[in-house]
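Right after this note come the structures.
Okay, so chain A shows up in both of these, paired with chain B first and chain C after.
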Partner chain A sequence: MKKLDKHYDVIVIGGGATGAGTARDCAMRGLKVLLVERFDFTAGATGRNHGLLHSGARYAVTDGESASECIKENMILRKIARHCVEDTGGLFITLPEDDLAYQQLFIEKCREAGINAEAIDPDLARRIEPAVNPDLIGAVKVPDGAVDPFRLTTANVIDARRHGADVITYHEVVRFIISGNRMEGIVMRDVHTGEETEAVGSVVVNAAGIWGHLLAKKAGVDINMFPAKGSLLIFGHRVNNTVINRCRKPANADILVPGDTICLIGTTSDRVPFDQIDNMEVTPDEVDILIREGEKLAPQLATTRILRAYAGVRPLVASDDDPSGRSISRGIVCLDHAKRDGLEGFVTITGGKLMTYRLMAEWATDMVCAKLGLTDRKCTTAETPLPGSETPLEVNDTKKDKDGHPSRQHIIELPTEQLAAEGRHGSLTEEIRWQNPGDDALVCECEQVSVGEVEFAIDKLHVHNLINLRRRTRLGMGTCQGQLCACRAAGLLDKADRCTERALDDLCSFVNERWKGMYPVAWGDTVSEIQFTQWIYSGVAGLDEFLDGRDTEHLLH
Partner chain B sequence: MDYQQANISDNNFENCTKCTVCTAYCPVTAVNPDYPGPKQAGPDGERYRLKKPLFYNEALKYCMNCKRCEVACPSNVKIGDIIQAARIKYSTKRPSLRDTMLANTDFMGNMATLAAPIVNGVLSLKPVKKVMDATLKIDCHRTFPKYAGQKFTTWYKRNAAQAQQQFANKVSYFHGCYVNYNNPSLGRDLITVLNAVGYGVLLLEKELCCGVAKISNRLIKEATRDAEVNLKAIRNAVSTHKAPVLATSSTCCFTMRDEYPHLLHLDNAEVRDDIMLATKFIYELLEKNQIKLVFKPGFKMKVAYHTPCHMEKLGWTYYSTSILRMIPGVDLTLLDSRCCGIAGTYGFKKENYRYSQDIGEPLFRQIESINPDLVATDCETCRWQIEMSTPYRVENPVTILAMAIDADATRKANSIG
Partner chain C sequence: MKFDTVIIGGGLSGLTAGIELARAGRKTAIVSTGQSAIHFSSGSMELLGYDRDRHPVENPIEEIAHLDPVHPYSRLGKERVIELLKRVKPLFEETGVKVSGSHQRNHWRLTPMGQMKPAWLTLEDYLTLESPQSLPWKKVAVINVDGFLDFYPRFIEAGLRQRGVECLTASVTVPAITHQRESTTEMRATNIARVVNSESVNQLADVINRTCPDAEAILFPAVIGFDNFEASRRLKELVKRPLHFVSTMGASVPGVRTQLMMQSYFRCIGGAFMLGDTVTRGYFSADGRRLLSVETANFADDHLEADNFIFAAGSFFSHGLNSTPSGVFEPVLGLDTDAPDDRSAWFDKNIFKPQPYMRYGLTTDSSFHAMRGGRTVENLIVTGASLSGADALREGSGAGISLLTALNAADTILTSKN
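And now, the complex of A and B:
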C-alpha cells in the first residue's frame, strides 16, 4: 500500500465548507494539514442548499443561539468573502393566511439575537421587491443576502493550500489506523482506480457532514445523526433581487433566494434512511409543494422557466442524552471523542449550517490545537479576507474609488464575460488571461465563462473534470444546462491532460448529471431544451454509442 | 401535479433553447467580432441584465434591428425586440447630435426640400463629406439620397387630390419620408397604378415619420409621440373609408405593424391588419379577379429582386415578386435573401460603415453576376445601398409595374371612364 511521507498534525476529512474552512484555519495556525475529500469539494450538502446568507432571522424565534451565531457570521462573511456574498437584503412577509401577530414576536426575538429587523409598510416592501406577492399584509426587513457556497469553499481550499495544506480529492476514507485508544491515521481509496493510500497524523477531524455518521462508525464511534432531505428548484432567471421569506414558523418552501443569475425556492424537509443519502432524487410531490408555496412568495414564479431540481441532505444531530432523536439541535456540534468515547486524536465537527462554517472550523481547530498543546495559536479567520476578496469590490455604486478614480465607469466598459468573471473570482480575476485572441471566446454562453476563465480554473482551482469545472465557474449551470458548453469544455480539459477517452467519459457523465436535475422538471421549455441536447449528443456526436457498456457512474460526483 | 402542468414560462426570452440558429443568420455577427450576436445580446444577456443592469453591454448598438434572427428562430423568441428594448432601457449614453439628426427624417427632409438643389450639391461635395465625417462621424464614403425640389404632399395637393374623389373605391396611402422628400415619383406611380384599376388614393389627415430611425437611435419619447399621431390618423382613415392604409416601404409598414406594439407599447391591434404594402393589396385584388392589368406590348426587362430584411420579417416577398412575374417580358431573378448592410441610419455611421459594406458584399457580387437591367426592392435604404455599391439602378416594384402597364388600356379593362 502507498503511504504518504509526511506526518500530518491534522487530517481533515470532508471537502465541504466546514472541512475546507477547518483545513484553512489549521493551516493558518501553522499546522501541517491534509484535507481529504471523497469526491469533489462541495459535492455534498455544501453544494446543495439555498446559498442563503442567513441573517439568522429564520431561527430567531425557534433557536436564539443559532440566530445570534448567524448574524455574527453574516457580518464576518461580508468582510472576508466579498466575492462570494451579495448584499441583497431580505424580507419576511406576512400573507393574509398567516398570523400577523407572529411578526411582533419575530421582531422581538430578532432584536434579542442582535439582528436588525425592521417592520416596514407593505407598500414599501412592494417597492423594494416588485416581485413580492402583492397581497402581503406585513413585511420585515432583515440583513439577509446570498452566498455562493462553491466559491466560498474553493476560496477556503485555495487559502489552505497557500498556507501549506495538502489537498486530495476523489479519495474515500475506508478505514482508520487505530492503535490502542489512539487514532493514528487513515487509509483512503482512490474512487477511480481503487488504489489505497495510507496517511498518518496526530489528529483526525471528521467534517464529513451526514457521511460523518458512517465514518465515525468505522472508528467504532456512534454519533446519533439523522439525514434530512431538502429539495429545491432553480428558476431560469432572477425573479427577485431581495431574499423573500415567510414570516411564520419555519416550514416547507418558504425561502426564495436570488443567487447569481438565477433564483432558488426551497426547501422541503423529510427524514430519509442512510442507504439513500448518496441517491437523492426529487419527487413529483416535492416539486409540487415547491411550486405551490413558491408562488405565494412571488406569483411570477408560476410563469417562470424551471431549470432543474436538486436535493441535499442536512446532518441533523441528536443530543447525546437523547438517543431517541426527538431532540434535534440545529446548532454546532463539536465532539472530542477522547472525552466522549475514549478514542484519542479524533474530533467530529458537525451540525451547524453553511452560514456558521467558519465558526465550526474555529471550534474544531481550537480543539485540535488544544490536543496538540498549541493553545497559543489564535484564530484569525474572522479578520483575514479569503483569496479573491483581498481587495474591495470594484463593481459598486460609489462614483469614485479611494484614489478618486471613477472605478465604476471603468468596470461598466468591460465585456460581459470579464464582468461575470470578476463577480465569480473577485480579485483572482487578475490571473485570468484575456490578452490572446480566443481567450475571451465563450465556452459557456449562458453563464459567460470564457476560455481564459476555464484555463485559469484548470490551472489554479483544482479542476480535474467537467463537474469540478462547473462548481468552480458556473459552467453548465445556465439555461441550457451544458448543452453548448459541455463539449467545448471537454475539449479544453482534453487539451490540458491529453486523454481523449477520459474527456469523453467525463462528457458522458456530465451530460447525464445535468439530465438528472432536469428530469423532475422536464416539461415546457425545459423538455425542449433537453431534447435538443439529446439530439446534439446522441444524434450528432454519437455519444450514446461511445457510452454503450461503459461505466461512468463513478464520475457522476 | 396541477402546479406542474400550469407552470409554463411566459417570459419570451426563456423560450430560447440555445440552438444558436439566430447567430448563424445574423448579418452582423459574421463581420463584426465586437458584436456578441443575437443569442448572447438577446436571451442570454437578458438574464444578466435582470441580475444587474450594469451587465448591459454597449456593443448591443451594433445590432441593425434587421430581425433576421427572429425569422430564423424556431422557438418564436423576439430576439431583435429583446435587444432593442434593452438598448432603450439600459443604455446610459444619450443619443448624439448625429444620431438625432439622422433620426429626425421629417425635420431634415422639410428643411432640405426647401433648397433641394443646393443641399444636394453641397452634400455631394468631397470637402463637405470630409467635414461631416470628422465632426459628425457620418462616413464620407456614403452617398446621401437626393432631396426632391417639391414634396410629394405638395404635388399631391396641387395635382392629384381632387381627382381621387371621383373614385368609388378609396384607399389611404402612407407615403413615408422617402417618397415625400426624396422620391415623389414612386408616390405618383402608385397613384397611376391604383387609379387605373379603379382605386382613388387618399393621404392620411396627418402623417409623420413612422419612427424607425428614432427607435433605432433611442429617441423613444419622440418616436412614441409621432407614432400616436400616425395611429390616430390610421384609425380614422380605416373607419371612415373601410379600406386599408397602403405603404410602399416595407420598413414603414413593418414598423407601424410590429415595432409600435413591441417597442413603443402602443396598441395597434384594431388596425394592424389594415396596414399593408401596396403590392400585397394589388396582388390580393388580382387573385380575387377584382381588377385586371393590361401591359404594354414589347415591354422587356431583366429584373433582380432583393428581399429587404423587414420584408423577410413581414413574409411578404411573395406578393412583390408575384406581381413582377405577372409582367410579360420581365425576366425575374429572386436574389438570395440577405441583408444589404445599410439598415437605415446604421450604415451612415462612421463606426458601422465598414461592417455595412462587408455585410452587403455577397449581395453586390450576386447582382453583378446576374447583370440585370434593374434591381427591384421594397425598401428605400436598400436602394441607396445597392445603388451606391453597385452600378445598377434600383426601383420599387410599384414603379416597375407603373412602367409596364398600359394605363389607358388598364382603365378600360376595369371599366373606368
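And now, the complex of A and C:
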C-alpha cells in the first residue's frame, strides 16, 4: 500500500465548510494538515442548503444560543468573506393566517440574542421588497443576507493550502489505523482507481457531516446522528432582492433567499434512513409543498420558472444520554473521543450549520491544539480575511456607498464577464488572464463565465471535472442548465491533458447531474430545454453512441 | 386573408408540405416563429437509424416492419413509405440542397465528439462513411478555427484513433475571424459563417494548404456557407486535399442553410412565408369539425382563413407542445394530446435512458387529422415532431417522420374534394 511520507499533526476528514474551515484554522495555527474529501468540496450538505447568511432571527425564539452564535458569525463573515456575501437584508413577515402576537415575542428574543430586529410598517416592507406577499399584516427587518457556500468553502481550502495544508479530493476514508487506544492515521481509497493510501497523523478530525456517523463507526465509536432531509427549489431568476421569512415557529418552506442570478425556497424537513443519504431525491409531494408555501411569501413564484429541485441532509445529533433521539440539539457538537470513548487522537465536529462553520472549526482546532499541547496557538480566523476578500478591489475613492465604504465601482467600467468573475472571486480575479485573444470569450452565457475564468479555475481551484468547475464558477447553473457550456468546458478541460474517454464520461455525468435536479420540476419550459439538450448531446454529438454498451448506472451518482 | 392552406410551423416538415402545395398551384401560407429544430441539425438526416434494442439499422425499409403499430411509419404503411421516399431527393434537388444517401442502406456520419452515427441523407460537403470501421485514410488532419469552442478536435482525434486512423490536430484563422473574436459571444458557427466572404475563403484555403501537409484529408468544422453552397464549394476546390465538413455544436450552419434555401424556394414558387409570426388562436366551426381561421400575433385583426390547415409546430422544444405539473397540452388550438397526466410517468431519471415524454404528441385519426375534444378536425392535418408514437431521437427518425408525413399531408389535401 502507498503511504504518504509526512507525519501530519492533524488529518481532517470532510471537504464541506466545516472541514475546510478546520483545515484552514489548523494550518493558520502552524499545524501540518491533511484535508481529505471523498468526492468534491461542498458535495454534501454545504452545497445543498439555502445559502442564507442567517441573522439568527430564525432561531431566536426556539434556540437563543444558536441565534446569538449566528449573529456573531454573520458579522464576522461580512468582514472575512466579503466576496462570498451579499448584504440583502431580511424580512420576517406575518400573514393574515399567522398570529401577530408572535411578532412581539420574536423581536424580544432577537434583541436578547443581539440581533437588530426592527418592526416596520407593512407598507414599508412592500416598498423594500416589492415581491413580498402584499397581504402581509406585519414585518420585521433583520440583518439576513446571502452567502455562497461554494466560494466560501473554496476560499477556506485555498487559504489552508497557502498555509501549507495538503488537500486530497476523491479519496474515501475506508478504515482507521488504531493502535491500542490511540488513533494513528487513516487508509483512504481513490474513488476512481480503488487504490489505497495510508496517511498518519497525531489527531484525526471527523468533519464529515452526516457521513461522520458512518465514519465514527469505522473507528468503533457510536455517535447518535439522524439524517434530516431538507428539500429546496431554485427559481430561474431573482424574484426578491431581500430574504423573506415567515414570522412564526420554523416550519416547511418558510424562507425565500435571493442568491446570484436566482432565488431559492426551502426547506422541508424529514428524517430519512442512512441508506438514502448518498442519493437524495426530491419527491413530487415535497415539490408541491414548496411551491404552495413559497407562493405565500412571494405570489410571483406561482408564475416563475423552477430551474431545479435538490435536497441536502442535515446531521442532527442526539444527546449522548438519549439514544432514542428525541432530544435533538441543533447546536454545535464537538466530541473528544478520548474522554467520551477512550479513543485518543480522534475528534468529531458536527451539528451546527453553515453559518457557524468558522466557530465549529475554531472549537475543533482548539481541541486539536489542546491534544497536541499547543494551547498557546490562538485562533485568528475571525479577523483574517479569506482569499478573495483580502485586498480592496481597484476602487474609485471619490465614491462612497451609504455606509461610507469606498464604492466598488471601477474607474473604467469592466466588461460583464470580468465583473461577473470579480463578483465570484473577489480579489482573486487578479489571477485571471484577460490579455490573450479569446480569454474573454464566453463559455457559459447564462452566468457569463469566460475562457479565462475556466482556465483559472482549472489551474488554481482544484478542478478535476465539470461538476467541480460548476461549483467553483457557476458554469451550467443558469437558465439553460449547461446546454452548450458543458461541452465547451469539456473541450477546455480535455485540453488540460486528460483522457478523452474520461472527459466524455464526465460530460455525460454532468448532463445527468443537471437532469437529476430538473426532472422533479420538469414541465413547461424545462421540458423544452431538456428536449433540446437531449437532441444536441445525443442526436448531434452522439453521446448516446458513446454510452451504448457501457454501464450508465454510475452516471446517476 | 384567405389561403388554400395555412401551415403552422416553418421547420423541415412545414416547408416540405408548403413546397408540395405551392408547386401544385395552391395558395399556401406558412406561419413561422423563425426558429425550428432543423437549425440545430447535424448536416445529416435520419430515416431510421436504430432498432428497438439500439442496434444500428443497415436497411431502414426492412426495419419498418418491426416498429410499433402507433409509429407514424407503421401508420403510413411500408408501401406508402417507399412511394413517398422516392420524392425526397428530387425535392431537395429542386430547392438546391444537395444531399447524398439511400433509403435502402444507411451510411455513417462523424459527430463533433468523435462518435459515428447512422444517417440516411447527408449534405454534399459533409463526411460520409460506408461503415463506422472502414475509414478511407491512414492519416487525417482535424483543423479547427482558432477560438471556436463548439468543435472538439481532440474528441474526434480519439474517435478516429480508436478506428485505426492517425489524426493530427491544428487550428487556423483568417483576419475576418480574428476580428470576430474581439466580441465575447461572436465565435459561434452561424456567426462565423456570416463573415466568411470569398476573400476569407481564399485566405483560409491558403492556410489550410500549409497546415499538416502530410495528412491525406482535412476535417473542418461546419462554419462556412450561411445561406448557400458557394463558399463551402469554393473552399473544397481551393484546398488541395479532400476537405470534409463535420457538424458543430450549437446553431448549425448546414441546418440554417437548408432551412433558408427551402424557405427561399417556397417563396419563389409563390408561397407566403410569414416569418417572425406566431399563431395565437384558432376559430372553429360551430360543430368543431373544421378549423375556419387562425389569428396570429402580427395579424390580430386580419385572420388567416383557409380550406385546410397543417399543424407542423413541432414538439416541446419548438413549443408545439407544452406542459404543466398536471398534464401535456397543445397550447394554441387546444388539440387533444396523447400523453398521461401523471408527470411521474414522463421521465426516466437517467437522461440517457429512453424518455417516455419523447413519444408524446397530438392525438390523430387514421389519416393524421387532429382531434379536439375527442372529435376529428377534418381539415387539420398533423405532421412531423408534433405526432405521437415515436422516440425520434432514440431511433434516429426525426427527419424521416417530418418529411414523409408532410408529403403525405400534402397529398391528402391535393386529393381531397375541397
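Definition applied: the second predicted complex is superposed on the first by the 529 of 557 C-alpha atoms of A that agree within 3 Å, B and C clash if a C-alpha of one lies under 4 Å from a C-alpha of the other, contacts with A are read in each partner's own complex, and residues count from 1 in each chain.
In this section, a residue touches a chain if its C-beta (ideal position, glycine included) is under 8 Å from a C-beta of that chain, and two chains touch if they have at least 3 such contacts.
Predicted model, so just to flag it, every value in this text is computed and none were measured.
Enquirer: With the two structures laid over each other on chain A, which partner does A:Ala420 touch: chain B (first), chain C (second), both, or neither?
Expert: First partner only, chain B.
Enquirer: State whether A:Ile168 touches chain B only (first), chain C only (second), both chains, or neither.
Expert: Neither: A:Ile168 stays clear of chain B and chain C.
Enquirer: For A:Thr303, using the defined touch cut-off, is the partner it touches chain B, chain C, both, or neither? Pick first, second, both or neither.
Expert: first
Enquirer: Counting only touches as set out at the top, which of chain B and chain C does A:Glu445 meet: first, second, both, neither?
Expert: both
Enquirer: Go through the superposed model and pick first if A:Glu545 touches only chain B, second if only chain C, both, or neither.
Expert: The answer is second: A:Glu545 touches chain C but not chain B.
Enquirer: More chain A residues touched by chain B or by chain C?
Expert: After superposing on chain A, more of chain A is contacted by C.
Enquirer: Can A:Ser528 be said to touch chain B (first), chain C (second), both, or neither?
Expert: Touch partners of A:Ser528: chain B and chain C.
Enquirer: What is the contact status of A:Cys480 with respect to chain B (first) and chain C (second): first, second, both, or neither?
Expert: First partner only.
Enquirer: Going by the contact rule set out at the top, does A:Ala496 touch chain B (first), chain C (second), both, or neither?
Expert: neither
Enquirer: Could you tell me if A:Met280 is touching chain B, chain C, both of them or neither one (first, second, both, neither)?
Expert: Neither partner.
Enquirer: Return the residues of chain A at which the contacts from chain B and from chain C coincide.
Expert: Touching chain B and chain C on chain A: residues 284, 287-288, 415, 442, 445, 484, 523-524, 528, 532.
Enquirer: Mind listing the chain C positions that touch chain A in their complex?
Expert: Interface residues on the chain C side: 37, 40-42, 54, 111-117, 146-147, 149-150, 152, 154-155, 157-158, 178, 181-182, 184-185, 187, 247, 249-250, 252, 315-319, 322-325, 343-344, 346-347, 349-353, 355, 357-358, 393-394, 398.
Enquirer: For the complex, which residues does chain A have touching chain C?
Expert: Those residues of chain A that touch chain C are 281, 284, 287-288, 415, 417, 437-438, 440-443, 445, 450-451, 484, 487-488, 490-492, 494-495, 500-501, 503-504, 508, 511-512, 515-516, 519, 522-524, 527-528, 530-536, 538-548, 552-553, 555-556.
Enquirer: Please output the residues of chain A touching chain B within their complex, sorted ascending.
Expert: For this pair, the touching residues of chain A are 236-238, 241, 258, 260-261, 284, 287-288, 291-292, 295, 301-306, 395, 408, 411-413, 415-416, 419-420, 442, 445-446, 448, 478-480, 483-484, 521, 523-525, 528-529, 532.
Enquirer: In the complex of these two chains, what residues of chain B are touching chain A?
Expert: Counting only chain B, the residues touching chain A are 1-11, 14-20, 36, 39-40, 43-48, 50-51, 54-55, 57-59, 75.
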